[in-house]
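Per-chain residue numbering starts at 1, and chain names A, B, C and D are given in the order in which the chains are listed.
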Amino acid sequence: METLHLDLPAIQDASLNPRAALYGVVSSGNLEVLVERGHDATRCVFEVQTAAHGFVEVWKAVLTDFAARHPVGGLSFAIHDAGATPAVVSLRLDQAFQSLRGA
Amino acid sequence: MRPGKQTLLNRLFPEGHAITQEGLVLRGWGGTKQGRVHVIGTTDHAAIDTRIALALSDAVLKAIAADGSDPRPIVFIADTQGQALSRREELLGLHGYFAHLARCVNLARQQGHRLVTLIDGEAVSGGFLAFGLLADCIVALPGAEVRVMDLRAMARITRIPFERLTELAQTSPVFAPGAENYWRMGGIQALWTETEDWSEQLLALLQGNPEDERARLGAERGGRMLADLVAQQVFHAH
Amino acid sequence: MNALQPIRTWNHEALRRQARLERSTPFSRGKAVAARDMVSLLEALLEPGDRVCLEGNNQKQADFLAESLAACSPQRVHDLHLVQSVLALPAHIELFEKGIARRLDFSFAGPQAHRLARLVQSRSIEIGAIHTYLELFGRYFIDLTPQVCLIAAQAADAEGNLYLGPNTEDTPVIVEATAFKSGIVIAQVNEQLERLPRVDIPASWVDFFVVAPTPNHIEPLFTRDPRHITEIQVLMAMMAIKGIYAEYGVERLNHGIGFDTAAIELLLPTYGESLGLKGKIARYWALNPHPTLIPAIEAGFVERVHSFGSEVGMEAYVAARPDIFFPGADGSLRSNRAFCQTAGLYACDLFIGSTLQIDLEGNSSTATLGRITGFGGAPNMGSDARGRRHASAAWLKAGQEKNGGQTPARGQKLVVQTVETWREPGHPAFVERLDAWQLKQDMGMALPPIMIYGDDVSHIVTEEGMANLLLCRSPEEREQAIRGVAGYTPVGMARDHALVENLRDRGIIRRPADMGIDVRDATRDLLAARSIKDLVRASGGLYQPPKQFRNW
Amino acid sequence: MRGLAQSYREALARLRVQALLDPDSFSEWVDPAQRVTSPHLAALEAPVSFDDGVIVGQGLLYAHPVILIAQEGQFNGGAVGEVHGAKIRGALLRAVRDKPSAVLLCIDSGGVRLHEANAGLIAISEIMRALFAVQEAGIPVIALIGGTCGAFGGMGIVARLCDVIIISEEGRIGLSGPEVIETVKGVEEFDSRDRALVWRITGGKIRRTLGEATLLVDDDIAAFSAAAGEEVGARPRFFKKRRLTPAISLQTLQAAQQQLSARAELDAEIRDGQVLWSRMGLGDQVSLMSPEQFNRRLEALES
């Protein structure tokens, strides 16, 4: 297991009212992401636990782009990864975010 | 019957016993200072198939029917390598036979029969779940082997190195075979030693609480810290 | 004039053929050979150094004959030169290990790729070349004509007429080349019948046939269980349909094998229909009877399908849809790899398929280190046919794009590579240098085994978006267009962000949103079938999937 | 544009829960945010999940209060470990106290989780005992089986203890998985790659045929929900009422004993569901029969 903590600046969407929610599943090539309210409206926090070693730079790039793509200030994302590709990671995160918005 | 089993029965029931072996199934009665108890079990590391499961459930039902309103204890002797592995048995629904056996055991408890399991030999996964593990009180005799799977097979399936598993098994009771591990987790109430008087010890177990206390016991013994706690959290959650 | 000059004989090959047949007579009764005599027959008629075509297709295998040949004595039969499209069976490899064969010209070796590479490294084999199918078939008539061919057919009658069944594949081209050049044609059949449903190969072209102890092996190679199609593949399929099929009006096409293209097939009746594309795209196909095409056929998208081979379980469905497929008068499918490859090369406007690696020039390869896979149909289908002279809207539009918007003298085929940027952690699909180059060096090949050349590729589709290489005006733009859809691979992360944004402004790179695609819509719910059972239902019970694909 | 049912098999457990119950009626106990994960998986460096692969809570099924337990088959094969098992047991014990209309047990599990095998084995035994307590309190337990893992090992036994089993054709119930039997006894005994055979031995249709499942439904969450709704009396019954085992008593168990004995006496040729179906006159049409057709045919044969 490799862990990664990332705290990024982000814009907040005050209209979002996130209840803690879990998306995805920890199965081979997939991941789960737990979205919760964070402490700082101007930051977005990521905690990643991953089974694939040596991909810290890729994770940073994927998460940084995600945080720039959506107003995720004030949210925290906890991820259990079982070897998802960056495409799947981005898709799950987008889905999780869109569900907050839709709900 | 094997000499070993005969010796065991003699030690358990010095007052006398009449237990017959048919196939790999033992059934009959044993005498204690408090009177006769039913004895139902398996021998020779039986692989439990539909016929054995049916013989066991039949014995339990007959014990219930025979005792009526005066239910005597039932002593299970568990010696099983697990369930039979066979395509036909799967088709027939071996799981359903095991469930039926479990229901019969539970009916016996409901009717007031005290249920004690003695593990003599092996107790392995499915074959153990069906009856032995459902008793009110479970005892491992010396040399008893209790397990789901040996570590080499587990290493192969989980792809965790065997050495790593062996090392962790030194401290954690949670996955490695061993009656001691099951004791620490509350799954086995007592481990008897060779030198004790088993008939006296059995006597002491013939009364007691039929409630399922295993999770609490596992926490007390430090081998299973979450089973009771998490069940309580769920029970009391808002 | 000169009396000393020897008189040249002009029928040397026919005489040699006659000698072979005479040596074989003890082991046959007319054309019929008993299975137990096959090894003796082969030992009698083969000569060291013979060129032999041992029919190995990518589905149908002359497996009994392959095993018989492998059981021959290397003292009597040795140094053969095999000329066959696919090296699929362990027996094929054994021939080289035992010294029965020495040289190989072929196309594809998927299942035996590892062992073939080991043979090369141990110098137990000489490889002439790795061909495309059409190339190899062409050479059968030029310089690689078989002296003996060992083929597989469904049935023979007493005279030796052959019925090939739905999996015709390479058989006609092999037999044509052998029989008319004084070669020997030996067929294994699954059964001998009084009357054949139809005659695919006349008896006069056939020298021997044997009823094999077990029916020839056919691999259900084109069955893709929709269960395994991912949301990412659905997303890429949406991009392909909306961004390419619809925009170019692609009516005639070929799909590679794989889940990426299966996703497209299954999106036609749902997503394609919702875009109003029925009757406008994907009408004519050069394609095996893919089970995943059933929903599109049933929905009325598909008008005609010509096939290289068949597919196990599709027999009854194909027979019940004669307007769509090419059944004979008897009702069973007639396929033909040579003709269908030609159709794919010259008569189709688009090829789309997946690959394992793409480099910065757009070259793609399925070769990886330690394996010699060769190519399937992709190199012929996935190349711009410069000999093409007929126009179509899609071909002209692509040509115009390549020509800077000017009306071109010729059109351009659409050759699309569709890949997820990472196949799995540790295996990026985009690389600076293809493994093929290393393989060329390791194996001492003349050429790197590149499946599709970059200058033939028109589009690359990934989950990040689509790059239109036709619109690139310089090698630098082309490289950035590729990097710009390469996601979080090292190749992708090394992009020039400003240039990529510029390419996006010019429509050379398009993201899903640029095409009006909402990523949230990319769910498996869009698939017209999500399981093999759904396909059976869509076929009205006509499709009978092989047992390994059924869970009921 | 859709046209296809919402597949029960494909859905994650969380989606199943949402779609089975009345909208927004579900509340979860010990939810993922509490991060009650398995320390044993972590000790072995195996990935953990925030819910340890099982969801427990309460909600409404056609306005009837139910307790729902749903295993996530895609996380470690839905296997039962210490936390996972404790959550199930806690929910069952709570049912005894709260007296819901029913307990829905969405089983999707290969049995005991090997990484914590001892804890898992004891946990399944505890689940069995808690399940008996629920039934003794007069609350029906309804098993729903249609996930990718089916109900195997100890969870196969648990499934068969339930009052009702609703299963899809794709669902499976058994004790030992085909791979295990093949590994130990050889491919001649059980070819695990012959998927059609595997389903003829353990799949929904053969289980329904043998009376080992109550009702066969489409692989559609709505179909599972409707069938469960019938069982809690919230919907009119489409098929006749059948219980796997009536309330436990000496008489009912003696009757069950006879029935099971008769089945065990079937001749040795019975090693493939197809043989049974042929003898019942269902021939080779079985594989293409819809669940509704199949239920009807069996109902006709049974009456």
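Simple rule for what comes next: a contact is a pair of C-beta atoms (placed from the backbone, for glycine too) under 8 Å apart; a residue touches a chain by one contact, two chains touch by 3 or more.
Quick caveat: nothing in here was measured; it's all calculated off a predicted structure.
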Chain closest to the assembly centre - both centres taken as Cα means: D
Gap in Å, rounded to a whole number, between the CA centres of subunit D and subunit C: 44
For subunit B paired with subunit C, centre-to-centre distance based on mean C-alpha positions, whole Å: 60
Subunit A and subunit D, separation of their C-alpha mean positions in angstrom: 33
Separation of mean Cα positions, subunit B and subunit A [Å, integer]: 47
Sequence positions of subunit D contacting 2 or more other chains: 45
Pairs of chains, among all present, that meet the touch criterion: A-C, A-D, B-D, C-D
Subunit C contact footprint on subunit A (complex, rising order): 29, 52, 55, 57-58, 61-62, 83, 85-88, 90-91, 94-95, 98
Parts of subunit D lying in touch with subunit C, wherever the complex brings them together: 1-4, 6-7, 9-10, 169-170, 193-199, 203-205, 219, 287-288
Subunit D partner contacts - residues on subunit A that touch it in the complex: 1, 20, 22, 24-27, 30, 32, 34, 36, 49, 51, 78, 80-82
Contact footprint of subunit A on subunit C as seen in their complex: 230-232, 235, 420-426, 462-464, 487-488, 493, 519-520, 522
Contacting residues of subunit B [partner subunit D, same complex]: 50-51, 54, 57-58, 61, 64-65, 83, 85-100, 102-104, 106-107, 110-111, 125-126, 128-130, 133-134, 146-149, 154, 157-158, 160, 164-165, 168, 172-176, 181-182, 185-187, 212, 214-215, 218, 224, 226-235, 237
